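Two complexes come next, and they have one chain in common, chain A, joined by chain B in the first and chain C in the second.
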Partner chain A sequence: MTEVLLQVRAIGKRFDVGAGRFQARARASIQALSDVDLDLASGQALGLVGESGSGKSTLARILVGLEQPSKGSVRLDGVELTTLSRAAWRPFRKRIQMVFQDCAGSLDPRQSVRSALLEPYRIHGLYSARERDMRCMELLEAVGLGAEHWNRFPHELSGGQRQRVAIARALALEPQILILDEPVSALDSSMRAQILNLLIELKRRFHLACLFVAHDLFAVQALCEHIAVMYMGRIVEVAPTGALFANPLHPYTQALLSAVPFADPQVEQQRRRIVLQGEPPSPMDLPPGCAFAARCPTKHSIDARLCEGDRPLLKGCDETGLRQAACHAVVTQGSQS
Partner chain B sequence: MTLLEVRNLRLRFDTKDGPLQVLDEISFKLEAGETLAMVGESGSGKSLTALTLMGLLPPGAIIETGEVLLEGRNLLTLSARQWRSVRGRELAMVYQDANSALHPLLTVGEQLAEAILAHRKESPSEVRKACASALGEVGISAPEARLDAYPHELSGGMRQRVVIAMALLARPKVLIADEPTTAVDVTMQAQILELLEHLRAKYSMAVLLVTHDLGVVARAAQKVAVVYAGRTVELATTKELFQTPLHPYSVGLLRSAPSEAAQSMASVLAASPSQGPTQSPSQAPARLFSIPGMAPSPARMPVGCAFHPRCPFEVARCSRERPELKAWRVEVPSNMHTGLVTATSRRAACFEQERVAAAAVASRTGWHELEQLWLAKMEPRT
Partner chain C sequence: MTGSALDLPGGRRTPATAARSRWKLTEREFELRQSAAATVSGENPWRARLVQLRRRRTAWWSLWLLGLSSLVCLFAPLLPLPSPALIELRAPLLAPIAPWRVFGTFDFQPEYWPLGWLDRQLLELRQFLFGTWQSGPWLGTDSKGRDLLARIVFGGRTSLAVALAGAATSLVIGVSYGVIAGWFGGRIDRWMMRAVDVLQSLPFVFLVIFLLTVLGARSSSARESIFFVVIGAVWWLSMARVVRGTVRGMRSAAFLECAQVLGASQASSLVRHLVPNVLPIVIVYLTLTIPSVMLFESFLSFLGLGVSPPRVSWGLLALEGAQAINPLAIPWWLVLFPALVMGLTLLALTMLGDGLRDVLDPRSQARPAP
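Right, the complex of A and B next:
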C-alpha cells in the first residue's frame, strides 16, 4: 500500500441558515457533512460521487482550506490543517491545489494566459523572471497547449482550452495533491474525453494524489483507482473502482449505478433498473437512522426499525478492509456467509 | 401520414463578417408515439432546430429553404397570430434549464394557470383543479399543496417536473425536450426519462429528444438523427445505429461513449444481485477515445463534406462534393452470433458508407486498427 498523504478524519460541517446582519440567531442549520473519513495516497486517485447536495463539493472546499469544518481533522503529512491561520496555510497551498468546475469563472477575463500562469509564482515569490517564463511554457506544453496561446485571453479560448489553462495553473507550484471539483461536467462528450486523458497522463507523470469530485460515474471510472459514494453528507460506500462497478454493496450505490444510462440499446432493454422513488430528506431535518432508509428498496429485507432508528456506520466488508459500506443489510449479509 | 417532418431545413444568420450557415439541411421524420433523439456536439445546431420547430427563432435568423410539416401543414409559413394556436397546443417544449424556464416571483400554480388560460377560458376553480391534476400526473406528491409553492421552494428534479407538467397542459401532439436531463444528476435523470417514457406511451405523444448523451439515446429513443455542423448526417433506428453506424462521425461518436465499462457492469446488474463482496484488483486507467480535431465553426465551414478534415475514410471526392443524405441499400450483419447478413435500407450522408459499415462491424472486435487509422490521419495536421 502506498503511503497516505492526506488523512481526513471525522469531518463534520454545519451551515447555519437565516443568521445574518438582521438576525443574530440562526433559524436552522444544515448538516452538510458528518463523520467523513478518507485517505489520499500519492499517485492514487479517489473518486467522490453522489447526487447534488450530498456534500461532495463542501468536502473538496474544506480540504483546500476554503471552508472551515465544524469538527474533525485534516492532516497533511501529520500536520493539522484545519486550525491553521491564513498565513500558516500559505506554504501548504503549494502542496494542495484545486481545479473548479466552472473554468470561465475561475479565470480572470482580463488576465492573459501568461499572466494567469505567472500569478502563482508571483504570490509565492518563486524563481527569477526568466525561469518563471520557462516554467510556464513547460506547463502549457504539459497540458497540450502551445506558444500561440501564451498571450490569449479566456474569451479567446474554447471551454476545453480554458479548463486546460486552469489545470496548468493548478500544477504551477508542483502540488502533490490535486482536488478536482467536477472538472469535466461543463464540457461536451468529446472535450470531456480529451480532458480526462490529460488528467490521467498528468497524474501518472507527476505522481499526483487526486480527489475527483463528480456525478458522472464514467468519468470517475476513467481516472480513479478507488471510489467513495456519498449520500446526504456521509460516505456510504468505499471500494476499488472495478469492484464497485462489478458488485455494488450499498443499496444506494446499486440504485446510482443502475440509473446510469449505457450507450447500448440492447443492454438498456435487458438490465435491471432501480428507480428510486421520492426525494432525499431535507438536510435541515435528517432522520435519526439511515438517511437513505425512506427511499431504500432493500430495507424491508431486514428489520426496517433497525434502519430507521439506528444509523449504520462505515464498516469493512471483506478481509482486506478495502471495501467498506454503511448499511445494516450489507453487514448482516457478510456475517452470514 | 407522418406527424412531423422536417425537410432540408437551412438557416443562416447575416452578420457583419458575412453569412453564418448554422443549419445546412436538417431532415428527419417523427411519427406519433415515438421518440426520436437528435444527437450531436454542442454547436451542431440541435437547439436551433428545436427553436425553429417552436417558431421561436432569435432575431436575425433567416430560413433559406426547407419545410416543417406538422400533419402536412407547413409551419414555416404561419403568421405570428397563427403560431399562437400551434405553440403549446400542438407542439410544446421542455427547456434544459428548469431554473430559468420558471418565473421566480410567481407560484407554480399561477404559472400553470397562465398556460391554461392562454388557450381556453375556464373558471378559477376549474383551472386550479386542472393545474393540480397536471402536477399529479408528473409524479409530484401532494400536488394541491405544491400549487402555492414558489420555484425556489422545490428541488431541481421537481422544478423539471413542473416544467414538463406545464408543457403537457394542452396535450401537445409533439413534445420537444431540449437536453432535459443535462442539468440534473443521474438518479434524477432516470426518473425524468422514466416519466417522459410513461407519458409518451400513455398519450401516444411524439417526443423529439435533443441530447448529446448516447446513454440517454440508448435508453429512451427508438430512432436517432445524428447531426454534424448543422446537417443531418445519419438517420436510423436506435438499434441499427448502435449496431452498424454508417457515417464516420457516428462511428466516432459511438466509440467515445464509455460502452466497454457499460458491458461489464451491465452483465452483473442484469443478473440477480451477487452474494457478498468480491475482490477485484484496481486496474490502471486506459485512455479514452475522442474524435481528433474540433467541430468546424459556421464561419469557416470546410468545402465538401464538413466532416472530411476529421475523417479517417476521406477520399479525394470528399473535399470537393457534398454527399447527400440518401437511402442506401447496405448489407449489415443482423445477428452478431450467427453472422447472418441482411440487406436493409438506411440513410446516411457519406460517399464511403460501405467502407464505414464494414469497418464499424470489424471494429467491434478490432477497434484498435481503426483508432490507429484515425489518429494517424490527424498527426500531420497538428
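Right, the complex of A and C next:
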C-alpha cells in the first residue's frame, strides 16, 4: 500500500498578458494549467511528460510555492500549501524540495560548493557547525562527488557536477518529496545517464517521492513507476510506466511514443510513425472541446463533433483505476469491448 | 510502505526501515576527508582573498599608498610642517628647495583656521615634540608665501573627506535604494526611479547654491557640513540607477529561486545572494564616482561655494596654481604638485578597485586545475 503524501486537486493557472499601465484589464490570458489532479505517494516517482508549453514546469513551480495557482489546492499531509506565505512555507521546505533545470544558474556563482550545501542548514538552524560540515561532506559523497570539490566554485565544475551539487543541496534537509524540473535536459547524453542513475539510487536510499518533469519519455521511464502525460495544461493520460509503454491509450501519447526513435535500424525502418498534422492550439484561445482534437488522428473514427464540442474528462480505463485517459475515443472503445 | 523512513529534523519521527540508509559518516572518516579537502584548496576565504590581493602588485601598493596618505592627512597637525594659513609676503612664489639644501628652520608660528578639539590636541603635541622647528619650503610657496607642502597635506583632508562622504552615500543610500527598487519592481520601482529622475534633472549647481544660501552659512564650519550633506544628497543617484538595473536583470536568476525553495527569507536572499553579485559593478562604479566627487568639490570651491579660504583642497590648490601662471612668471610647482598628488590618489583608487573586484570574484581567480 502506498500512502499519498502530496495531493494536487483541480489546479488551474492563468497568466494574464498585456495588462499595462494604461490598461487595467488584461488583453488576454494564457491558460497554463487547468484542472490538474495528481497524487504523489511516498517513495514513488511520478513522471510528468509533455511538450514545451504544456504547463508541466508551471505545475512543478506551484508545488514548491514559486507560483500561486489561480485555483485548486495542493495538500501535503492534509495541509494546504497554496495559500501559505513565504515564512509559513519554511517548515514545509524540509519536506518538499526541488531541483531546477538550469544547473548553471541554480548555484550562486559566488558561493563555494561547501557554503551552498551548508546554506539549507543555516537557514533552518539545524545541527552544530561541525555536524553541518559532516552532513555536507556526506551529501557530496552521496551524489558522487568527493572532498576535492568541497571548496570549488560553480564555474570550476562541469555541468553534470553542478547538477550533482544542486541535487545534494536539495537533499540536505532530507525531504520526503523531491520535485525534479527537467534535471537532465540541459546535460549531454552521457551525463544524462549518470545523473539518472544517481537519481534512481538516491530515490531508493532516501526513500524519496519524486515528481520528475521532463519532455523525454525515456528519461522518465528509468526512474518513475507512473507517468502522467500533459497536453495544453491538462493531464491526458496517467498510467503505470510499463503499461503506458506497452499500450498507450490516448492518441497523443501514442504519437509521443512513436516519435521516439529506436536504436535498431531494422525496427526503425519497419515501425509505423504517427506524424501529427497541424499546430497545437494557442494557449490564449483554447477550443471548447478536446485541445488535441485539431491534430488527433483517431478523431474521425468516432463522432468528430463530440471531440470538438465536448471536453473529455480523465476517466479510469481499467479495473484497478490506475490507468486513466481523457479521450472520448478511449472510453468508447472500452464500452464496446 | 506505510512507515516512511524519515527522520524529520522538525520533530516528526517515523520509524526507520531498512529501505533507507541514514547518515553514516563517522567523525574519523570526516576528519580524513576534511584534511584532504583542506590540502586541495583554501582555508579561510578572507585570508585567501588577502593573499590574492597581495599577489596583485599594483592593487597592493595602491592600498598602501592610500592608507599612508590618509594617515598623513589625518595626523597633519602633528607633522612638523609650516602653518598652511600663514601668509609670508616676504617670500612669495618661492621655487621648491631640495630638503638637502634647506632641511628646516626654527620659525614655526601656529596660524590655522579654527581647528577642532582633536586637531588642537595634535597641534599641542607637535609643539611639544618639535618645538618651533618646521620643514623648509620643499615644494615651494604660493603667491602669498604659504608653504605648498603644508597646504597639500591639509588640502588632502578636505579632498579625502569629500571623497569619503561621496563614496559612503553612494554605497549606503545608492546601493540600498537601487536594490530595493530593482527587487520589488512594479509600482515601488516606478515611483522610486521617478524620484531619482526628478532629483537628477535638477541643475546641480543651482541646487547647491540654493541650499547653501537658504540654509544660511553662518560660520564656515556650518557651511562645510552643509556642503558635505549636499554632496552626499546628490551623489548616490547614479549609483542607485546602476544598481537597480543590475538587480532587475538578476531578479529572476535561478539561484534566488533556489534560495526561496530552500526556505530563505527575502531579506536573507537579498543580503546573501543579490548584494554580493551586484558588488563588482558597485566597486567599479565607486572608483568612477570618487574622482568626480573630488573634481566637483574643487569646482564648487572655485565658485566660492565649497571650502572657503584659507582652507584648501587639492582641486582648489590646482586651480589657484593655474591662475598664478602668467607670461612673466611660471610657478610650475603650484600646478604640478597638487595635480600629481590628486592624480596619484585617483590612480591608486582605480587600481585598488580593479584589484578588489577581481579578488572578490571567484570566477576571476585562476586556480591550478585539480
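Please note the rule applied: the second predicted complex is superposed on the first by the 333 of 337 C-alpha atoms of A that agree within 3 Å, B and C clash if a C-alpha of one lies under 4 Å from a C-alpha of the other, contacts with A are read in each partner's own complex, and residues count from 1 in each chain.
Just so we're on the same page, a residue touches a chain if its C-beta (ideal position, glycine included) is under 8 Å from a C-beta of that chain, and two chains touch if they have at least 3 such contacts.
It should be emphasised that the depicted structure is a prediction, and the values quoted were computed from it without experimental measurement.
Peer 1: One more residue to check, A:M137. First (chain B), second (chain C), both or neither?
Peer 2: second
Peer 1: Touch check for A:S189: first (chain B), second (chain C), both, or neither?
Peer 2: first
Peer 1: Just chain B (first), just chain C (second), both, or neither: which does A:A255 touch?
Peer 2: It touches chain B, and chain C stays clear.
Peer 1: Which holds for A:R152: it touches chain B only (first), chain C only (second), both, or neither?
Peer 2: So A:R152 only meets chain C here.
Peer 1: With the two complexes superposed on chain A, say which partner A:S85 touches: chain B (first), chain C (second), both, or neither.
Peer 2: Neither partner.
Peer 1: So, A:C317: does it touch chain B (first), chain C (second), both, or neither?
Peer 2: Touch status of A:C317: first partner only.
Peer 1: Mind working out whether A:E268 is in touch with chain B, chain C, both or neither, as first, second, both or neither?
Peer 2: first
Peer 1: Over in the complex, which chain B residues touch chain A? Could you list them?
Peer 2: Residues of chain B touching chain A: 41-42, 141, 155-158, 184-191, 193-194, 212-220, 238-239, 242, 253-254, 256-259, 261-266, 268-270, 273-283, 285-291, 294.
Peer 1: Can you list the chain C residues touching chain A in their complex?
Peer 2: Residue list for chain C touching chain A: 1-2, 4-10, 17, 19-21, 23-25, 27, 30, 33-34, 36-37, 40-42, 45, 253-255, 257-266, 268, 272-273, 276-277, 361-363, 367, 370.
Peer 1: Under the definition above, what is the set of chain A residues touching chain C in their complex?
Peer 2: Residues in contact with chain C: 1-3, 42-43, 64-66, 86-87, 89-91, 93-95, 97-98, 100, 102, 105-112, 119-120, 123-124, 126, 133-135, 137-138, 141, 146-148, 150-153, 155-156, 166, 169-170, 173-174, 176, 204-207.
Peer 1: Over in the complex, which chain A residues touch chain B? Could you list them?
Peer 2: 51-52, 158, 188-194, 196-197, 200, 215-218, 221-226, 240-243, 245-247, 249, 254-268, 270-273, 275-276, 278-279, 317-318, 320, 323, 333-334, 337
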